[in-house]
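There are two complexes below, and they share chain A, which is joined by chain B in the first and by chain C in the second.
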Partner chain A sequence: MARIDLEDVGHRYAGATDSWALRPLTMTWNDGGAYALLGPSGCGKTTLLNIISGLITPTRGKVSFDGRDVTALAPEARNIAQVFQFPVVYDTMTVFDNLAFPLRNRGWDATRLRRRVEEVADILELRADLARRARALSADQKQKISLGRGLVRPDVAAVLFDEPLTVIDPHLKWLLRRKLKQIHQQLQLSLLYVTHDQTEALTFADQVVVMSEGEIVQVGTPQQLFETPAHRFVGHFIGSPGMNFLACEWSAGAATIGGVRLQTSSAREPPSGAALSIGVRPEYLELAPAPGPNRVPVRVAAIQDQGIHTMVQVEIGASLAWAKLRSPASAARSATTFAHLPPQRCALYADERRVP
Partner chain B sequence: MSPAKPVNQRAWWFVLPVLISVAFSALVPLMTIVNYSVQDILGPDQAVFVGMEWYKEILRDPELHGALYRQLLFTAAVLAIEIPLGVALALAMPERGWRASLTLVLLAMPLLIPWNVVGTIWQIFARGDIGLAGYVLTQLGIDYNYSQHPTDAWLTVLVMDVWHWTPLVALLSYAALRAIPEPFYQAARIDGASRWAVFRYIELPKMRGVLTIALLLRLMDSFMIYTEPFVLTGGGPGTATTFLSQYLTQKAVGQFDLGPAAAFSLVYFLIILLLCFVLYTFMKDPQ
Partner chain C sequence: MRLSGISYRAGSELWLRDVDLSLAEGGINVLLGATLAGKTTLLRILAGLDRPSTGSIRKGESDLTGIAVRQRNVAMVYQQFINYPSLTVYENIASPLRVARKPAAHIEARVAQLAATLRLTPFLARYPAELSGGQQQRTALARALAKDAELLLLDEPLINLDYKLREELRAELKQLFADGHTTVVYATTEPLEALQLGGHTTLLAEGRVLQSGPTLEVFRRPATLEAARAFSDPPLNVIPAGMLADSVRIPATRTPASEIVLGIRAHEFSLAGAPGRAALSGKVELAEISGSETFIHLARDDVRLVAQVPGVHDLALNQLCTLYVRPASLYGFDRDGRLLFAPES
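Showing the complex of A and B:
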């Protein structure tokens, strides 16, 4: 296990001279952490993962494990494990041989190897299948073998997962996700987990790294990402539905919508000339029958009764916003003329970024 | 339970064209051969039923034994050389870009040449006086003459076949290799696998299906080889390069022994069928 440092690491694929697949970034992954790399397809998360494992040599920058520069080292020399999106198994080998393969290649003696393989097989509930041929197994089980090969080496700097649960059935996904979390605690490995599924990222990781267009936009705990998105992208991407952004103006030291002065959690003044908006989560936007502080007039555009809660879409100035309410749909319809923005629950965004 | 399927006998009409064409192209000629093989044809209207006589005669014929022995040796050599060589070529080929296209075109060339032209090319190429290969060998002090020495003739036919057909094996293997997803190689690198292990545990298992086809194709084709040695050596010197189909042609067309030729055709057919069956069973996916 090791601390992994990326120093000014950036990557351009051959032929793309004007665009970064991964913009130069500096970042430290702590020893023993469980990280999720979250972002839409094509945001550079797999590129980042492959740079850490050594499958890609970055165009610039330095990768080091525990202070040792490994930028030029091949994956096999880096002491790292990686699990891929689709199951990779050695068809002609048994499950046992599959799991033992990374250890055999590193010259483990037979007794130690058997003990370790059985230990990992127990964790993944593959013990009963150890003698079977890998090709005879289902996709789920094959992916478990891939996971097992990733976890079997106890001394790796980190285990990297590249959307490993894509091919797994939904009900098994929950089990395996929990399993991975257990494994993290049990085996004390550093885990890096790439996904585009926010639920997966938020349940798995202590720290979530959100990426967009080749750039890390925020690193934080699931709660931080939900409560204080640093970037509008994070606001949109995390949460269902995403954060509301209400276009606003700046006048006389306060944000205003339609002339109503609104207080937010942002203490600083936004840079002049930036496009301003107020971000508020649908969960925190309240509807009110009468005017008051931090309330703006609204018009109800749509109401969806979703059983446990009611989704109300309102027009606030020029923007549309969702409110997620606990009250029944009928109450929302009759009582809504104003929206209340709780000052501590909303923040000012200048262009894309949150004003602190 | 699903309801019983409706019976529609008129559907047979749709199958009829295929049945008719198969009957005329395969079944009728085959039955004619069976018919010939149990009769002595004396003239257009004179035929005598002789039972298994021709089969007994043919199976005792030392010429056939010689041809069969040469044939088995030749086919074994062809498979032993062409399959590994084809795989090795496929592994050495560039993966993409203009180099890959160029290699593919160059490799496919022998496959595009008509078989009798292949024979002619090698007939000239291997000549000691004007052929490049033959001349060089002779100048190197090697006593090489394919029209005089049986071993030279046999080896020349073998090398010609390797030149002609290894590209097929290479192209098939190449296609199979390109179909292996990149993560398999990446995972193997991360698992610390050696080059040999990558070949043994990833590439070879993934090539299994195509290699089975390549093996069967080369087995059948080499077992029926006729045109190239006919043009190159005419089966000689002596009977050094007389393989089964050449022997058959001599019997049927040369000596007009229709009965024994028909009997032998059937035996020949059964041998190929048996070999393919054994090979296929052996190579088949264990599942």
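Showing the complex of A and C:
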């Protein structure tokens, strides 16, 4: 296991002289951490993963594992394990031999090898299948073998996952996600997980790195990203639907919408001239039948009963916003005329950035 | 459109067995089922690409069974976006209109309108290879819509797109079909997608129809345990009634309580006790925080539970934890998995 340091690391693909696939960044990945790299396609997350694995040599900057410069080393020389989107399994081998493969390659003796393979098989609930040929297994079981092969070596610097659950059905995703999390708690490996799926990223990682257009826009715990997005992109990208941004004005030391003064969690004054909005999550926007502090008038535009939630779309000033309610649809219909913005649950945004 | 007794055999395997299904005309019909449940096979039969081994497809008085796709007004969009690589986005969208020999002014207006709806206007002069995956899939959708077909078949059309883009396109598609002009059949593996699309839902498993009806009705009143499982994400919690019978009264039925199996949807659990709520304790196997919610995985004897509760809760591994549930939110099933009672909605 290792600490991974990136120092001023940036990358441009050949031919793209004026644009960075990954803008130069400096960052440390702590030993034993579970990290997710989250962002839409083209945001640079796979480029960053490939720079760490050694599949890509960055255009500039230095990559070190525990202080040792590995920038020029090939993937095989970096002592990392990788799990890809599609299972990579030797069909003709047994499950045991598939799992043992990375250890045999490194000359482990038979007793120690068996113990480790069985330990990993236990965690993944593959113990009963060890003697079966991989060919006979279902897609999700094969992906479990891929995971197991990635996890079997205790001495790897890090295990890198590139969208490992994309091809798995929702029911099995639950099982495999749970397994991954347990493995991290039991084996204390450094894990780095690339995904575009916020649920996977937030449930898997202690620290989530959100990327957009070749840049890291925020690093934080799932709770921080949800409660206090530093950037409108993070507010939008995390959460389903994303954060509401209500256009507002600044007058006499307070944010106002349609003349109503609104308190937010932002303590500072926004820079003058910036486009201002109040960010509030659909989960925290409350609907009310009467005026009151921090309430603005609304018009209900749409109500959707989605079984688990009721989604209510409201017009607030010039903006449209969603409220996500756990109560039945009938509750929302009755005389909604105001929205309450809980002051501690909303913040002021100047252009793209949160005002602290 | 009505499908009766449709079966489809490929070699020795039966991919569809005795499927009866009516499509809601001018609405969204969701086919919900796991991989290999028979969704694609059913779509291909609806499109006329494959002929069923038995059964018939009728529309009103006319028999459409085995009528080739070219002679019918059908459009289909696949998981993998398919566009003409040598044509620009504009020409891709225009192609069905050119085939139909529409006047030039009509083509221009229609392409402009579809491009605006699907946010493709800035890319009309580009070739598919110069587009992102989302833009390519939107192009394929625009072309299918340009055909103005009576029947539009969508086979997991958003599966290869980013999560966020999926969410946006799903909302757009729903609006697009709100005019009731097109009958849409939409195949997906995701229960939450069915709930967001609304309309009608047919649950498929292993080539069989488990249940069919208005989406919320099927969600709230699954006829069987199998249907309830197929339409739950996170997975449905299933426990013997005996586990709760001491603490709360479950609705009286003719089935003895010892034979009743209870189903509890994950979002019905709460961490707060209240009078009249049933309590279930177990050891925490895992607490996953998704931002606004925590998924708590609990083990009790050999039963495993998942709760989806609002807020962030840091629970230690193996800690004892109690979940509460209102008796009114319980589903009951008999020994054969038939629904005995469901929450009132």
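Convention: the second predicted complex is superposed on the first by the 331 of 356 C-alpha atoms of A that agree within 3 Å, B and C clash if a C-alpha of one lies under 4 Å from a C-alpha of the other, contacts with A are read in each partner's own complex, and residues count from 1 in each chain.
Just so it is clear, a residue touches a chain if its C-beta (ideal position, glycine included) is under 8 Å from a C-beta of that chain, and two chains touch if they have at least 3 such contacts.
This is a predicted model, so every value here is computed, not measured.
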item: Contacts of A:P40 with chain B and chain C, given as first, second, both or neither; value: second
item: Dominant contact partner of chain A by residue count, chain C or chain B; value: C
item: Contacts of A:E249 with chain B and chain C, given as first, second, both or neither; value: neither
item: Which superposed partner A:T92 touches (first chain B, second chain C, both, neither); value: first
item: Touching partner for A:Q82 - first (chain B), second (chain C), both, neither; value: first
item: Partner chain(s) touched by A:D66 [first = chain B, second = chain C, both, neither]; value: neither
item: Touched partner set for A:D8, first chain B, second chain C, both or neither; value: neither
item: Overlap of the chain B and chain C footprints on chain A, listed as residue numbers; value: none
item: For the chain C and chain A complex, residues of the former touching the latter; value: 34-35, 132-134, 162-165, 167, 189-192, 195-196, 198, 215-216, 219-220, 233-235, 265, 267, 285-286, 288-292, 295, 297, 306, 310, 312, 317, 345
item: Chain B to chain A touching residues, read off their complex; value: 181, 183-184, 186-187, 189-194, 197, 201-202, 205-206, 286-287
item: Of all residues in chain A, those that touch chain C in their complex; value: 40-42, 139, 169-171, 174, 177-178, 181-182, 185, 196-199, 202-204, 222-223, 225-226, 236-242, 281, 283, 304-308, 326, 328
item: Residues of chain A touching chain B in the complex; value: 53, 55, 74-76, 80-82, 84-86, 88, 90-93, 101-102, 105-106, 133, 135-136, 146, 149
